[in-house]
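First up is the structure itself, then whatever we jot down about it.
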Amino acid sequence: MKKGIKIVTIGGGSSYTPEIVEGFINRKLSGELPIEDLYLVDIEEGKEKLEIVGSLAKRMIEKSGADIKVHLTLDRREALKDADFVTTQFRVGLMEARIRDEKIPLRYNLIGQETTGAGGFAKAQRTIPVILDICKDMEELCPKAWLINFTNPSGIVTEAVLKHSKIKAIGLCNVPIGMVNVIAELYGVSADRIYIEFAGLNHLVWGRNIYKDGINVTQEVLEFIAKGKSPNMENIPDIELNKELIEALGVLPCPYHRYYYLSDTMLQKCLKDAEEKGTRGEVVRELEESLFELYKDPNLNIKPPQLAKRGGAHYSEAAVNLINSIYNDKKDIQYVNIRNNGAILDLPEDVAIECNCVIDKNGAHPIHIGHLETSMRGLTQVVKAYEELTIEAAVSGDYNQALKALTIHPLVNDSIKAKKVLDDILEENKEYLPQYKK
Amino acid sequence: MKKGIKIVTIGGGSSYTPEIVEGFINRKLSGELPIEDLYLVDIEEGKEKLEIVGSLAKRMIEKSGADIKVHLTLDRREALKDADFVTTQFRVGLMEARIRDEKIPLRYNLIGQETTGAGGFAKAQRTIPVILDICKDMEELCPKAWLINFTNPSGIVTEAVLKHSKIKAIGLCNVPIGMVNVIAELYGVSADRIYIEFAGLNHLVWGRNIYKDGINVTQEVLEFIAKGKSPNMENIPDIELNKELIEALGVLPCPYHRYYYLSDTMLQKCLKDAEEKGTRGEVVRELEESLFELYKDPNLNIKPPQLAKRGGAHYSEAAVNLINSIYNDKKDIQYVNIRNNGAILDLPEDVAIECNCVIDKNGAHPIHIGHLETSMRGLTQVVKAYEELTIEAAVSGDYNQALKALTIHPLVNDSIKAKKVLDDILEENKEYLPQYKK
Amino acid sequence: MKKGIKIVTIGGGSSYTPEIVEGFINRKLSGELPIEDLYLVDIEEGKEKLEIVGSLAKRMIEKSGADIKVHLTLDRREALKDADFVTTQFRVGLMEARIRDEKIPLRYNLIGQETTGAGGFAKAQRTIPVILDICKDMEELCPKAWLINFTNPSGIVTEAVLKHSKIKAIGLCNVPIGMVNVIAELYGVSADRIYIEFAGLNHLVWGRNIYKDGINVTQEVLEFIAKGKSPNMENIPDIELNKELIEALGVLPCPYHRYYYLSDTMLQKCLKDAEEKGTRGEVVRELEESLFELYKDPNLNIKPPQLAKRGGAHYSEAAVNLINSIYNDKKDIQYVNIRNNGAILDLPEDVAIECNCVIDKNGAHPIHIGHLETSMRGLTQVVKAYEELTIEAAVSGDYNQALKALTIHPLVNDSIKAKKVLDDILEENKEYLPQYKK
Amino acid sequence: MKKGIKIVTIGGGSSYTPEIVEGFINRKLSGELPIEDLYLVDIEEGKEKLEIVGSLAKRMIEKSGADIKVHLTLDRREALKDADFVTTQFRVGLMEARIRDEKIPLRYNLIGQETTGAGGFAKAQRTIPVILDICKDMEELCPKAWLINFTNPSGIVTEAVLKHSKIKAIGLCNVPIGMVNVIAELYGVSADRIYIEFAGLNHLVWGRNIYKDGINVTQEVLEFIAKGKSPNMENIPDIELNKELIEALGVLPCPYHRYYYLSDTMLQKCLKDAEEKGTRGEVVRELEESLFELYKDPNLNIKPPQLAKRGGAHYSEAAVNLINSIYNDKKDIQYVNIRNNGAILDLPEDVAIECNCVIDKNGAHPIHIGHLETSMRGLTQVVKAYEELTIEAAVSGDYNQALKALTIHPLVNDSIKAKKVLDDILEENKEYLPQYKK
């Protein structure tokens, strides 16, 4: 007989880990998820952090009374053996690589951001070979396990897995759930009374219709937002979209749309911030250091409230909800990244999209979308083409695909800049990019 | 019994007219096209030019011995009655409007170009209401006539006609035929030995395969071009694409791709040119003035060689070839703009595309294309979305569609700049934009 | 403030009415549906039946203690005024027309069945003009009401409404819910533990995957069925599919598939039954007469158990569940007929399909399907083409469309027979087919 | 330097060979095709026929003065080495197998025809393994050669090659060219003045528009045909379509449509013919025997006129025209079978379709078709699904695919009959069906 659930978290030394641990504790206590083992896996360079956050996890579990065994290990294969769910939140090259991703584009007057534009491209090049390696291990050691990916760029990484592996994978992001929460706050109601029909790509998703208690309140929400109450996230500078655009769109853009809709303003902001207070990565690095200081406190046995500022709120909520609905065949609706398969008619069938899915024991089933409105369609299509080329480049190490990817990206849009930024990325990440053989 | 062919040229006072007249003369003399009447139509403001160029046309015909009656008129409806072919080469707002189209975007550090980006948007807003008016007249007065459009932006204008009129319309451009000629020159062979498989949109078309005498020479040509022999056109600053991009693409870009692939360089060039020697429109204005001075010479009875510098070479060749193949059911292959209908699977069915078509008495039949390669696809899709929104805006006068169109255009790509440039365009063109009721 | 719900049932004099009334009573008593008014509407010819069944409905409600006002009327427009939900279960031409539909095809050695083949074609020709008339009234009198159609052929009728009216319409059928119940019985579990992924057309729907408690049991179920335990319905002769076919399919066919997969056997059975015991319509006519005798009993105040034999089991369950989920924004999954919109990639976007949908206050949202397996695809496509032509014929009265529809139908498949059966149908139904003007 | 062209004809002992030889002679003499070697290849069982027809070929060439070397061989690999064009006209199992294909279906009251229905299915099962074997040899011995297939069922065989081999293949049929000739005769004009827009599948192709000298005469032609002048072919019983159907269709069906549009009549005719005068195969067997008697005559050095009755008129014309246009990069339009690639939007991209193509040195480029009219679409889709399953079965030997293929074929349409006919086919062809391992 099957015993309790075995969960593996790759990148277990992440500062986010207390969030997901809290989520697991709650579901175990409620009786929904009979979690027996939680493996936190990291690599040699992350060993110290793994120890710190792993010890906190153990204290949290002990305090809660939930009967979950926590295992800390650097041996990924041992951890994966017979796993039921694998979550990923690792960062190839650590925070230093992120900071480089943010800074290289700025040299050429291009937006430098962790997941979008040239920075996101660099992150994808480092991450995809590693995730595919993990999947190869999973195919051998736990072929029936679910991979719940929230390693960024989440949509691109998930698509790489869907195209190049047999592992059942679902990509997650905290953006949609964050947007639901913002609308709920706007109305002063609980999040479960708000429902949004999402469609698009990860970090380029729109809320096409917004419902409060089943009533379509999209226009009302957009009017609110046009007045300045825009949804925001910790990771993104808080710049408001112009109200004329919001009215013209008629749909709710996500926080990352600022990079596309206000590219000039955001570039200036990135440049200024980098100079005055450091890039977001540099800010986060400090934040993380102080978080780890907190985590070391042997008396701390709950998730510290300071973690909320880190920018990943709702990640753990999304992951735990997803695992819960799969395990319990709940058939509820969640916002995830999944193979398109034609749900958005304007995109190829084999790419990843972000949309509303019915979640059951057999995975995520997209609620059909059809065609996107023209302006959403055009932007989505060009960014998706960039993403496909990015994956091809990451898998093959083909410079030509990489150059084409960056050239058509709306935040680069120039082949000379594309070449310069690409050459710098390849040079400064070469230890992480074995696929690019010169 | 049907008598000879009646051709109507709207915008007959254009400086290009001697080209097309020369084409008509040649086909009449060769016996291919029994042209009986040629109506040159213009508007009140163009009366003087019409007189000048019309007189030249008459002298050219007399000299040639071709028996074609030339009619000069400001009465469009009289001209259209029972026409067989209607060609359009008019310019709403005259050269002054073009110069404005080029200058307004420069204010906001955006590329200012006649047919591409915000400038092309402005031209489309002025032109579409007029072409649809012409089509309404045609539906009444010559419903079976063919409309051969080469009014720019030719693809957008043709799509507007295909969507909003019952008139049989084919859009023309001199870009593909120009590219064929450049390749022919490269090899020192006649143009009929070069064949290119084109696919894309007007002014955003790629040669996917290039053949010399049926042999695929695409790679060879790209290597030539990577070494600096890029195809160029008079209307476009002669900036070379970087060779890494050309290699990565593996297909032949058109001259207008420079605006997309070298957006930064081209912007700087536009700004510099505007300051130092005037925009292309200002240069052309002078050129045209000197052309009209030439045309006035009562002894001139041939197309003056100076016309070649004007930038529209091959327009008349394209138009006369097309009329000839339709009239004579030739089933040869020409490069035209036509309803997609699924020939490019990655675009909506009801949009205009530019591609190779078999031309016969019943029109232009696209040779099937299928899917575009990923990087071509992404760029084509976002520009097409811009074009569709541009047409919606031009037909309805809907500010929201206009703002979305400009916001997603790769050469604008920012909603704040989009709003500013849009507001200026609407204000400074208001006499030509009755559809925008405030 | 909105008062209670107003429901209108067109064809209220149907023998099925006690079923749906029972459903309404239960939901009212449970507090889920605050139904205030129930209008049972019928036509002059159905007045007597309306009185009988309407009186029974009133007695049932009184007995139950549910506070619902029942109105019996021949004035459809009065009933529709401000309705919230309109259900349809009418039969143009009454049972006599059905019997003709069954008999005419038999003359030409064609299967004669109420909803499938030439018989279903005839029923569609009579029904579509009437339903579109009802929709026209609804557009005027209750434009926001939901039309819940289960008038057969339900998929075709629903598609006609979706194509030719603005009314929000959802088509229902008892086949999917019936299949779920059969599988539940097979396992001896309650129906809510069985979940089937349906895809196809009304009366041509397959269960692509069958789950018990979230576990895929499709192969197991097919093995059961291959051994002879095939799902059946009262309206369809109980002939077993050959086990080789079931194995080859790998999916669960619906009861109506027998007409396609066993066309020869079913034809012989139809011919024999017609001769020996009368067509299904004739059997049902007697059944209905005895039902109405029962209904007349002034002491009867519950749904009589004999109704179960009538063949429409689960209709009311489907309808009441659907209304409940719409009204209460339940976001549960039901099996309905809805605009394809690309959910099945192999069919046109504007046709009706039958599939799993998430039901909320805003209607039915299909769970995306993608491509059908090849053999399902081929059959579905040809039957859908028949359906589209059938609707075109019914709306326009175009003989050519009708002839093409029948010629390609797999159960006719011969233009000479198609013509003969069509001519008889048109002649013998002419009072109900004003659209066919000779 | 490349010497003259090397052509290989597989199935060189066919009675058709004198036709294609005549074609090669004419093109060689005209200077269009510098054919140097013609290899006629056959198998051991066909050795005698190969000798007879090969000797005739040599006499024909000698008489003509064309300098072509004819090689007769049983060694396929020797023949294929460095070939430029390979044509195929072989018959696995010889005429005896064809006669069985025609007779087995008749046992179950199903149409028995060489290429359509269950007979065509059987032929495909025998032929596909052999053609794929030939292609494997070609990949090794002449990877750049063109395969010109007219082995029946030509569309299915071509699709199998396109899906399972890298060889450049084009499928041919004499049906379209035959229809053009019939229309030309109807008007008493030469065939080059008639142009038809074809779309569909091999042996299920429609002429959507018919032009005489570029003028659309479709309606006129259909009226002629409705009066009884239907196009016919020697291989198909001469039964007229009913005029009501022809009017309803509005397009020109091909001769094989009779099997679909007059299935009942054709079945009766097949049954009667089989009893009274033998199946078509039996008739042809006698015809062939007398042809071979003629061929033996050492004084015969031209194509004997009796060959015209054989039923394959225009095959050689089609093949030689195709080779000519490829070799000479002619860019003319021919009617061939080719990968769909989306040219017909209603079919999968990877299937074979029959349509108008521009032929040049690089192959056949379909003129885009778009959507088929509804009734054409439905029939085409179900037959294509049958064809896809037939290919899957032939390649894999999977009984399930075979059973599904036959079950959905409009000329079988019953799974019990499908099983019976399939079992007989497999049993009686087992020596030719190694892929079906029991």
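Which chain is which? They are A, B, C and D, in the order written, and residues in each are numbered from 1.
What we mean here is this: a residue touches a chain if its C-beta (ideal position, glycine included) is under 8 Å from a C-beta of that chain, and two chains touch if they have at least 3 such contacts.
According to UniProt, the chain labels map to these proteins: A, B, C, D = 6-phospho-beta-glucosidase.
A quick note: this is a predicted structure, and the numbers were derived from the prediction, not measured.
Listed by label, the chains touching chain A and chain C alike form an empty list.
Ranking every chain by how far its Cα centroid lies from the centroid of chain A, the top place goes to D.
Note: centroid distance chain A to chain B, computed from Cα atoms, is 45 Å.
Our note on geometry: chain B versus chain C, Cα centroid distance of 55 Å, whole angstroms.
Among the residues of chain B, none is in touch with two or more other chains.
Chains touching one another form the pairs A-B, A-C, B-D, C-D. Those residues of chain C that touch chain A in the shared complex are 195, 209, 211, 213-216, 329, 331-333, 341-343, 345, 349, 358, 360-362, 365-371.
Across the complex, chain A is touched by residues 241-242, 244-245, 247-250, 260-265, 346, 374-375, 377-379, 381-386, 388-389, 392, 399-401, 403-405, 407-408, 410, 413-419 of chain B.
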